[in-house]
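Please find the structures below.
First subunit A sits with subunit B, and in the next complex the same chain sits with subunit C.
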Partner chain A sequence: MTAADLPVPSPVVSPAPDRERWLAIGFATPAALVLVVLFALPLALLFTASVAGPAGLTLSEYAKLATPHYLGVVWNSLRLALLTTGIAFLIGYPASFALARARGVLRSVMLASLFLPLAASVIVKAFAWTILLRSDGLVNTVLMALGLVDEPIRMIFTETALVVGAVNIFLPFMILPIYAVVAQLDHRLVEAAATLGASPAVAFVRVVMPLTLPGIVAGLALVFSLSVSAYVVPTLLIGERYPTLSTTIAKAFLLARQPGFGAAAGVALLAITLAAVALSARLGRSGGAR
Partner chain B sequence: MLGPSGCGKTTLLRLVAGLAAPEEGTIAIAGRDVTRVPPHRRNVGVVFQSYALFPHLTVAGNVAFGLSVRGRPREEIDRAVKRTLSLVRLEHLGARRVSALSGGQQQRVALARALAVGPEVLLFDEALSALDRNLREEMQVELQRLLREIGATAIFVTHDQDEALTMSDRIAVMNGGRIEQLADPKTLYERPATLFTLGFVGQSTRLRGTVAEAGDGMVAVDTAVGRVAAVGSYRAGSSVVVATRPEHLRVVAELAGHEGAEHARNSVDGRIRAVIFQGSRSRIEVAAGDQILLAEAPGRIASELNPGDAARLVWPVTETFAYPDPEARA
Partner chain C sequence: MTARLAVGFAWLAALAAVLFLLVPLLTVAAASFSPTPVFDLPLDGASLRWYARIATLDGFWPALSLSLQIALLSTAIALVIGTLAAIAIVRGRLPGAEALATALVSPLMMPGLVLGIALLQYFRAMGFTATWSALLLAHLVVTLPYVARTMIAGLALFDFTLVEAARTLGCTYAGAILRVMVPALAPSFLTAGLFSFLASFDNYPVSIFLTDVRTKTLPIKMLQYIEEAPDPTLAALSTLILAATVILLVASDRLIGLHRMAGTSE
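Coming up: the complex of A and B.
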């Protein structure tokens, strides 16, 4: 063994472990309180409401969810989330590399164009899409003026419009976590791979992808969670024709006065989101050593 | 390749590896022109200054990478990984994550990874400079043993003259993007071709002067400390710098025994300014006029010398060299 393998006594005197633990607890307390009062308690109430029947505990509200109609609703939510997440990834992954490679003014402009839309309400953005896409909207007006089509194409209230709008609105949540990882990527690793015989494509698959996996997983999880539970986007861009879990929950609580069913659908949505997050946490870990 | 930072030695290494492309000229490895060959088809092994180990792979995964991307069968890769890891004496750490290794171990993983593919040329970019002194010297010895064993050509880039002198068969001293001298370490040290090489490798005393007499490949130069004879061919009147290494300068107490005018020696009278203890030898600074001359003496002799003493320095003419003065007006 060499000298560098010998244990080196730590020169830093650390504070007493007890004191450090109490400090940590102290720092975490406000956030923990907020989470318990504003998040855990309401969730517990929601869950209680979903299983509370007239005569004690019941799963009847969940049984309603298992009918073909509502399974279709669940599928609608999943389909919207999967399409949105997939397309956002295909656009966002390369964009993250462009962003990481850009320098100076170009980079500032690109970052601003990512952040600024986040400052606008999702309602404003969804309405903007309806203005663009409706029959007398900008897109159709231009198409007809150019003589490309004779009559307006139906775009608003289609699934395409829904997914286009959702991708547009949620794209920053894909790009930012991936960009954060890509910007940290050590280019020398790619050079090392090249000198070891890896073509650019192989180096990408064997080095760049695994090392950016944590960002990819974070981006996928974020966009999936946001789009599976999106409410404003499907309400404004497609409406009744494409019921999702979110719109169904809102309807159950606000219109149909079925709080038990709404609560059950809410719990189901939460379960889907949690499953996605758990799966991504697992994927992120398995991206380590092999 | 030895030179100060910014002299172009790393750029030259990157050109050989294919990580940078030359605007003109050609690069050939074992006679094959590889100027337009991308790095992944050059079959070179590079040990980077920062090691550039893949953090998502284990030690064995890093070493296997080159063979794995070449699509070699599993058993062959496993055998090669085992053999290479035992070559660098890390066979017991194959399953470790690279982040769990010490600097010296990481260095050896980087070496094993480069060796595993059986490269035609091994390139080391300041590969030892991140290690502390003891470990570096240990790695130098170990590397020499390894390179002899596998018989590969290796190119080292370093700014450390000791490392270059220890490790190399031939050294290219670089300065400002040019090779000043390409020679074996002994020649480089004992017969430096340029003033830059002289100054960059080893210590020296340099005296500026004007050639007074010339002939037979020798010159007599008038300097601030008197006339000094040196090896070199310059016309009388040229501005030159004469130089010699400290180990050739012998200190003789000025009053103890005049040796007379021995014409094969140079001699300068001065006063001892400092005696610097350096272990087995001591460095002695002698002031003559406004010049400082560097001499060296074994500790036993040096211990009898004291700052302020008058001293005479003598050294052989054959170890005195003359270079054109770079600051002289053309």
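Coming up: the complex of A and C.
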């Protein structure tokens, strides 16, 4: 009896590759169907509706967007997003480092204070700011008690209120992706930079910043795309006097019954967010290549 | 010296961020105990009268019930189909796995409002007018990306040889998945379920285009109350929702750990 005559132990119950492939396709099908039927097709229809005129294809709805009034509306959306993203970064980037250093109870408290607002309804938070920023609200009371102002300043329905509310609501989306990267940071690299003679500032700019770039880029892209399309925040905190792309879209469908124009504005908003995402993906890659 | 300053600055920013994030939540909670119909802070005295009035808000119970139904059902369906898709993607025997993974998370990058109007026109074009079903389908698109993202990440760390081992020991394929994989992935399921439930329960920009006069979700009703007549009843309702969220978060922290949900593997 030679070795060849011994029964070959059959490979452990792994189904044939072909069967595995069909199984995988079967597993993926329901989710893929949802994506196609409830996401891709509606988007395609939206795009079609934005260029469909009574007599064939037309760009007239987009031409309406290019008028001075609506260009102002687009700028309002961009301005809100840029201010919100910038301020959230200035607070969020340093805060992520402290969060990554925190341990034990302190870390739990800090994480909870990020997650709780994140889990709380946007409407609840925007409502809170309408209470806080009223002329007889807490913020004015504190400012007057500190002697910083003599009489209540008008804050609600101003751009200040809008940006404060937006930063408040979107700040966790800046901190969490940056924190995830900072927490994984290898501190030996910073020490190595110091050993090689880099001052802390140089080590930070040349070592820490590039290493945290993926988190920075993710945070910036997330906060920008969320705030550029924010709807509840401008509706409650500033209202009609600061029309944004989102409030314009909602109005076109819910009040004005101009679905063609609304669709064009929707495609424009989508293009802005996609551009931000694409730009951030590029920046993230070029940083990661180091 | 510079390093010390930087560390101090980081802690200062973190402290400011924490306070800034908590202020609105504390404000709402405080305002809900106001003895008067105005939001005078600090309060003189405390009262529970606004809590008693929540139930009398016009259309409150149907809205709450609708939001819960849609959030629970869409989360349950998303968990099942999202996990199946994640298994197919992670096991790597699926043609185009990378593309599907990207496509599954892509609705996250999409403004909710745009999804809302797209679905509104789409359902109209098809003559599909059942509000409840339309809401459920729309929320499925809202919740699926959260499940897909979390489950793909969770499954990437799962050792599939455990399933093979269970099968060697006599389990069926389905049995091995149910008795080995599902318990091992419990933290991922909880995280995915929590994010997805909250995304649906709090959704405004998609729902607003799909509801009708009689069928409104809770966020839509709440915004309507705030615009019509803001009084501490809304603060009381908001506080109750916050309290429920705190309970959910404490439970998740006990079961999973918040730092794991924050995306660090420590």
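The rule we apply is simple: the second predicted complex is superposed on the first by the 246 of 290 C-alpha atoms of A that agree within 3 Å, B and C clash if a C-alpha of one lies under 4 Å from a C-alpha of the other, contacts with A are read in each partner's own complex, and residues count from 1 in each chain.
What we mean here is this: a residue touches a chain if its C-beta (ideal position, glycine included) is under 8 Å from a C-beta of that chain, and two chains touch if they have at least 3 such contacts.
Remember, it's a predicted structure, so these values are computed and weren't measured experimentally.
Put simply, more of the residues of subunit A are touched by C, taking subunit B and subunit C as the two choices. In the superposition on chain A, A:199 makes contact with both subunit B and subunit C.
In the superposition on chain A, A:138 makes contact with subunit C only, not with subunit B.
In the superposition on chain A, A:189 makes contact with subunit B only, while subunit C stays out of contact range.
Of the two partner chains, subunit B is the only one that A:207 touches; subunit C does not reach it. Of the two partner chains, subunit C is the only one touched by A:277; subunit B is not. In the superposed pair of complexes, A:41 makes contact with subunit C only, with no contact to subunit B. Legend: residue contacts after superposition of the two complexes on their common chain; A:232 is shown touching subunit C, with no touch to subunit B. Residues common to the contacts of subunit A with subunit B and with subunit C across the two structures: 199-200.
Residues of subunit A that touch subunit C in their complex: 12-15, 17, 20-21, 23-25, 27-28, 30-32, 34-35, 38-39, 41-43, 45-46, 49, 91-95, 97-99, 101-102, 107-117, 119-125, 127-132, 134, 136-138, 141, 167-168, 171-172, 175-177, 179-180, 183-184, 199-201, 204, 225, 228-229, 231-232, 235-236, 246, 249-250, 253-254, 259, 262-263, 266-267, 269-270, 273-274, 277.
Every residue of subunit C that touches subunit A in the complex is listed here, in rising order: 2-3, 6-7, 9-18, 20-25, 27-28, 31, 39-41, 80-82, 84-85, 87-89, 91, 93-95, 100, 103-104, 106-107, 109-115, 117-122, 125, 137-138, 140-141, 144, 148, 164, 167-168, 173, 194, 198, 202, 204-205, 208-209, 219, 222-223, 226-227, 230, 234-235, 238, 241-242, 245-246, 248-249, 253, 258-259, 261-264, 266. Listing the residues of subunit A that touch subunit B in their complex gives 2-5, 186, 188-189, 191-200, 202-203, 206-207, 210-211, 287-290. Against subunit A, the residues of subunit B that register as touching in their complex are 17-19, 38-46, 48, 50, 52-58, 61, 65-66, 69-70, 97, 102-105, 113-114, 117, 131-132, 134-135, 138.
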